[in-house]
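Below is one structure. I have some questions about it.
As written, the chains take the letters A, B, C and D, and residue 1 is the first residue of each chain.
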Amino acid sequence: MSEPNERQRGHAQPARPEPPEPHAPMHPGAGLDVASLPTFGFGQRSPMWWATLGLIAIESTVFALTIMSYFYLRSHANVWPMTGMPPDLLWGSLNTVILVASMVPNQLAKKAAERMELGPVRLWMVVCLLFSIAFLVVRGLEFTALNTRWDSDAYGSVVWMLIGLHTTHLATDTYDSAVLTVLTFTGPFESKRFVDVSENAAYWYFVVLSWIPIYAVVYFGARY
Amino acid sequence: MTVRDAEQLEATWRDPPGFFGWFCAINHKTIAKRFMITTFVFFVLAGLLALAMRLQLAQPNGRVVGPDQYDQMFTMHGSTMMFLFAVPVMQAVAMYLVPLMIGARSVAFPRMNAFAWWIFTMGGIMLYVAYFLDIGPDAGWFAYVPLSGPQYSPGKRVDVWAQMITFTELAALMEAIVIICTILKMRAPGMTLNRMPLFVWTMLATSVMVLFAMPAVMLASTALICDRLVGTHFYNPGEGGDALLWQHLFWFFGHPEVYLIFIPPLGFMSSIIATFTRRPVVGYPAMVLALIATAFLAFGLWVHHMFATNLPELGKTFFTAASLMIAIPTAVQIFCWIATLGSGKINFKTPLLFVLAFFVILLAGGLTGLMLASVSLDVQLHDTFFVVAHLHYVLFGGGVFPLFGAFYYWFPKFTGRMLNERLGRWQFWLFFIGFNVTFFPMHILGLQGMTRRIYTYPEQMGWGGMNLTATVGAFMIAASVLLFIVNVLVSRRHGEPAGANPWGAGTLEWSMASPPPAGNFERVPVVHGRYPLWQPMQEPSHVTGLDNDDRVVLVTTVADALPDHRMALPTPSPWPFWSAVATTIFFIGSIVTPWAVVWGSVPVAIAATLWFWPKRAVAERRARVEVRP
Amino acid sequence: MKTRAALFASGALAAAGAAAAPFQDALRPAGAQAAHIGKLWNFTLGLCTLVFVAIVVACLVALWRAPRADHESMADVSSLARPESRIHRRIAWAVGLSAIGLLALLAADVFTSRAMARLPLEGAVNIELVGHQWWWEARYRDADPSREFTTANELHIPVGRPVIVTLHSSDVIHSLWIPNLQGKKDLIPGRTAILRLRADRPGVYRGQCAEFCGLEHALMALQVTAEPSQGYEAWAERQRQPAPAPATALARRGQQVFLGTTCVMCHTIGGTTAGAGLGPNLTHLASRQTIGAGMFPNNRGYLAGWIADPQAMKPGVNMPANSLPPDDLQALLTYLETLK
Amino acid sequence: MKNRVGSVVLAGLAFALALSGCYREKRPTTAPPGTSGVTQPTSTAQPAPIVVSHYTDNAYAVSQGKTWYRAFNCNGCHAAGGGNMGPPLMDAKWRYGADPASIYASIAYGRPNGMPAFGAHLTEDQIWQLAAFVRSLSGQLSKNVASSRGDTLQDGKGESRREKETPVQEQTPAVER
C-alpha cells in the first residue's frame, strides 16, 4: 500500500515466477482471439457514450432540482414574480428557435461522423459552432430582459440560477465543440475522433432539450 | 505467455518513473493507493479532533477548548468523516479492486480517475489549511441556514465549507462515472451481469446513486455561497426564500449518502464471508435485488431528518413507513450471510472477525434507526446524543469495521505481504470494545436529555460519569487505530510473503501475482462462472490478440460481456494534475471574489484542452493500426 | 486489557446511571404527551431487543455449528449448480417475520401520533415563545390584551391544563425540547410552529435548545415550573403587575443607574422608561430562579458577575461587559433584587 | 511515500500558520488591545487623537456592529445608511472625519445639529464595533471583512458589495431638514 513497494515491484516483477495456484486457470487452455475486432465503436458500444449518459444524468438532476426549488419557492409566495413583471418573451423565444434549429446541423454532423466522412463533419461542426455563438450572443440580451436581478428577491435568484446553469452548459459545450472542430482540421486525427464528434452531438441534444422545460418554467411559470 | 511478453506488458502499463513521473501517474492501482492513503490521513485527522472533543466533554464545565473552537472541531470532524473519508475511501478501494475483479487491465478513463484524486486532495488540503488559520467552518456538517447564512456566519468560514463540498462532490461524481463505465463496458468476456462479484454490484449501485444524490448538495451549497457572496435570497425568508429549502435539498443528498457509505461494505462482507466460509454466498439473486431495492428506497427517506419541523404530519407518516421498509432488504442480506456462515466451513481469520462485528454493531445501529424512523420517538431522540450514538453505530458497524476487514483481506493483494494476524486480533478486540465503551453510553445520555453539539454541560445534569466513560473508550479506539498503523508499516516490509491467493479465494483479483503487475492480467481471462478460481477451468480460458506494446483493452457488451472492440487507452500525462491546479485556483478564488468565476475559467480551459489534445506520435501510431467498425 | 476495560465501563455506567438528573429526562414522563411517547418507547425497545438477541444468537449458533477449515480446504461450489431451497425457505420465513415486526412498529407509531393529536385543548394556556441567540422570550397571550405579559427563560404552567406553545424565531433555527413533558419542535425563522403539551405532575422541568444555534447553543436552557392552578394564577397575576417603584434610596439610585447606563439600551422594566427588546424583559427578574438563560442561579453574587463580565460566564453572549463603579453596581443589584 | 511526507510538511506548515492565526476570522468576545476610548474633541475642527481599532479588520465585530446599528435604532435617523433626519452614512461626504476614532467620537460624544451622545449608554466595545460597521457602509473596509446581506427585507446591497467611496471632508455642514 505504498510507493516503495511500487518500485520494488518494478524490479521484482515479472521476473518472479508465480507458483500456479491449486485451481486457478494459470496454465493456458485454448484462447479466444479478438485480434480482428475493430478499435472503436459508436453509440452504446463505446464507453464514451456511457460517460456522456452519466454526465447527462447528473445535469438533468441539477436542472430538475432547480426547477423543483423554483416551484417550492413559488408555492410559499403570495405574489409571483415577487417584484416587477415576468421576463419579456422576445429574446428567450428567439433563443428557443435558434436552439431547435441548431438540431439540424447537429444531426447532420452526427450522421456524417457515424458515416466517418471527415469533410461533412468539418462543415457541419463549423455550422453548429456558428449556431452556438449566435445563441450565446442572444443569451446575453436575454439576461437584460429578465426584468429581475439575482439579488432583488428569491424569484430573481432562482431564475438567474436556472438560466445561469444552462448558460454554463452552453458555454462549456461550445468550447468543447470548438476544440474538437479545430482538431478535425489540424489533426493529429484518428478515426475514433468520429466517436467524440458523435457524442458531442448527443450532448448538444441534451443541452437543447433541457432548455425546453427551463424556457417553459422561466417564461410561463412567471405568467400562469 | 513468455517472460518477454510479461516484461513488455509491464513496460507498456507502468507509470513513468521519477519525480515528474509521479505527477503523470494514471495507473488505476497507483491512483487508488494514493486515494486510500489520503482518505486514511483525513480519517486520522478527524479522529484526533474527536479525541479533543471527548476531552472537552469528559467532565462538566470542561475548559479544554472554548465554544468557538469546539464548533469548528465538530464541524470539521463531521465534514471530514463524511466528505473526505467515508464516501471517497469506498470509491478508492473500488478503483483498485473493480478492474481486478472483472478481469480488466485498467479503468475506463484513467486520466479522469487521476484528476478526481488530485482535485479531492487539493480540496481536503484547502479545508485543513483554512482550519489551522482559524477559518474552519463552524456551522455543523449539515450547515443549516440561516446559521450558515451571510448574517449569522460572518467571514469566510462557511464559504470554505461550501467550496470543500464542491471539490469533493466533483471528485465523487467523476469517480462514479469511471466506475460505472468500467463495470458496464470492460468486464472480461463471459462475465455476464449475473456472474459479477457482489462487490462489483454494490459499487455499480453506489455509483448510480452518486449520480442522482450529489447534484442536490452541489446545488444547495452553490445557492448558499451565492447567498453569502453575491446577495441572492434562496434562503432569506425576508425576501421570499425559505430556510427549509436547504434542509430538503441537503437531506435529499444526505440520506442517500449514508447508503453510499453503507452499500460498498456490503460488498466487502460478501467477498470476505464467501472466502472464509469456503462457499458462495447464499442467495446471489436475492442479494443483488436487495442492493438495488436499498439504492432506490434510499431516496425516499430524507424527510425523517426533519420530523421536528412543522411539516404536515401525514407526510411524515409516509416517510416513517419508507424508513421502516428499507430495513427489509438489509434483513434479507443479513439472513443470507448468516445462512452462508451456517452452511459453510469456517476459516477464522482477522478479516472475518471484523466482518462479524457488523452483525452486532450495524444491527444495533439499524434497530436504533427504526426508533428514529418513528415520528413520535424521533421528536424525543432527534438532535440528542442518542442520534450521535446511532449514526456512529451505523457508520462504524456498516462502514469502518467492514472496511478494516477489507484492508486485512486485500492488503496481501495490495502489497504482496500479509498483515500480522496477532496484531490484527488485538486491534480488533481493542476496537470492538473501545467502540462500544465510547458510544453505548451515548444512547442513555441522549435519553437523559443531553443534546448534541454542546461544548459543555453543568454539573447537576449528572452526565459526567458516562461522558468520562465515553472519553476512555475513545482513547481505546485511538490505540487500536495506532496498532493498525504499526501493523501496516511493519508488515508491508517484513510481513510474510502472500503469493497470489493467500486466502484461497474464488474471484479474479486473486488470479494474478501480488502485488499485481502494472497491466493486471498477463492473459485477460475468459469467465465461465461467479467464482472462476473455485470452478473447474473451461475453454476458451483466456483472450488472445491484444497487443502488449500499447495500452489496449477489450471492450465488451453491457449485459452478456461479449467481446466488442479493442480500445486504446490514453497514456500518462501531467495535464490531469495541472487541470486540478487550475480548478483549485478557480474554486478558491471564487471564495474571495465572484469574478474568479470569469478569469479563473481561462486556465481551466487551457489545461483541459492540453489534456484532451492527442500526442502526434501516439495518435499516428494508433491511426496506423486502427480497424474501423 | 479487555476485561479491565469492560469492568471499568460497567462501573462507570452504573455510577452515572445512579446520578442521572430527573428534571431533564425523556424516560421520566411528567406530562400526557411524554407519557404516550414513553409507552411507545418501551414497546419499541422491547421488540428491538428481542430482534437483536434473536439475530446475534442465530449468528453465534451458525458459527458454533459450522466446521472449521483453512484457506487450502476445497471450496464447496455445489450450491451454484442446484439451489438450496431449504435454506432459502428459512430465509423467507425470517424476512416475513421481520416484515411483521416492522408493521407492528408502524402501527404503534401511528396510534401514538393519533393519541398525541387528541390532547383536549379546552381552557388551554396560550404561550408565544420566541427563540433568540441565546435565550427564550415568552409572551403569555390572553383574550384580554391588558392581561398579557412577557417573561424570559422561565415558564410557569398549571398542572392538568393543556398548554399551546406558538413557536417563532428571531434569528436562526432553535428547537424547544422539554423531555419530561413533550418531544421537540423547531423554531424556524419565517415560520410558525405549534407545540401542545400538558403537565400532569407538579415539578420543575428543564428544557434546552436542541438545534445547534451558534456559539452559546450549549447554554440556552429553559426552566418550566408546573404547579397547581391557583399557584400558577397567583404567579401570572404577579407577572402582570408593573415593577414596584424602588422604596429605598439605594434602590432608587440603582434605578437611576439602570436607566442611565447601558442596561436601558436592551432591557425592559415595566413601569419605567426602559422599554428595549434586544435582551430579556427584567420586570420581574427577582422572581426567577436562574439567569443567563437557565444556566446560573439567580443570586446577588452571580448577578454581579453577570453584569460585570458576562463574556467570562457565557462567551459570545450579546450582553456586553459593564465596567460600573462598585457602589453603582451594588445599588443596581439592590434595585434588581426588588423586582419581585 | 511522497504524499505522506507531503501531508506531514503541510501539517507542520499549517501549524506554524495556526500560531499566527487569522484575526479577520476570530470571534473576539473581549476587546482586543489597542481599542481604548477617545477623549472628547474640544472643537469639531480639532482632529481626534489617532487610535487603532482592530475591529475594522474583524468580520465578527463588524457584524456585531451591524446588529447594534439595528437594535439601537441608528436607522431611525440615518436609515440604512441612506440618511433621513440624520446625514447619509454610505456616501463619500464626512463632516467629522472618516477614521474610526472620529466616528467613535461622533457616537460617544454626539455632534451639533442633533446627533446625541451615546457614551453613557454604550460600552467602548460596542462603539468600536459600531464605528467599524459605519465605515463598512461606504465600503471603507475590506470586502472580506464587511457584512453581506442580512436575512431580512432588503435595504440596499450588502456592505461587502458596496463600491469604495473616497472620503472627502465636507467643509460647510448643510442644515438638516
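Please note the rule applied: a residue touches a chain if its C-beta (ideal position, glycine included) is under 8 Å from a C-beta of that chain, and two chains touch if they have at least 3 such contacts.
What you see is a predicted model, and the numbers here were worked out from it, not measured in a lab.
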Task: Most central chain, Cα average position - done: B
Task: Between B-C and C-D, the pair joined by more C-beta contacts - done: B-C
Task: chain B and chain C, separation of their C-alpha mean positions in angstrom - done: 36
Task: Distance from the mean Cα position of chain D to that of chain B, given in whole angstrom - done: 45
Open item on the list: Please tell me the distance, in whole Å, between the geometric centres of chain A and chain B computed from their C-alpha atoms.
Closed with: 26
TODO: Name the residues of chain B that each touch 2 or more other chains.
DONE: 37, 68, 146, 151-152, 227, 230-231, 233, 236-239, 242, 504, 534
Task: Numbers and ranges of chain C residues touching at least 2 other chains - done: 72, 171, 189, 215, 315-316
Task: Two or more partner chains touched - positions in chain A - done: 2-3, 22, 151-153
Task: Touching residues on chain C, where the partner in the complex is chain B - done: 1-2, 5-6, 8-9, 12-13, 15-17, 19-21, 24-27, 34, 36-37, 40-41, 44-45, 48, 51-52, 55-56, 58-59, 61-63, 65-77, 79-80, 84, 87-88, 90-91, 94-95, 98-99, 102, 105-106, 108-110, 112-113, 116-117, 133, 171-173, 175, 177, 179, 182-186, 188-194, 206, 208-219, 295, 315-316
- [ ] Going by the contact rule at the top, pick out the chain B residues touching chain C in the complex.
- [x] 66-68, 71, 139-140, 144, 146-147, 151-152, 237-238, 242-244, 277-280, 282-283, 286, 308-310, 313, 317, 320-321, 324-325, 327-328, 331-332, 334-336, 338-339, 341-348, 356, 359-360, 363-364, 367-368, 370-371, 373-384, 429-430, 433-434, 436-437, 441, 444, 447-449, 451-458, 460-466, 468-469, 472-473, 476, 502-504, 506, 529-531, 534-535
TODO: Note which residues of chain B are touching chain D in the complex, please.
DONE: 22, 34, 37-38, 41, 68, 121, 125, 128-129, 131-135, 146, 149-152, 154-157, 227-231, 233, 235-239, 592-593
Task: Contact footprint of chain B on chain D as seen in their complex - done: 1-4, 7, 10-11, 14-15, 17-18, 21-22, 24-27, 59-60, 62-63, 143-145, 147-154, 157-158, 160-161
Task: Residue ranges of chain C touching chain D (in the complex, touch as defined) - done: 171, 189, 215, 260-262, 264-266, 276, 278, 311, 315-316, 318, 320-323
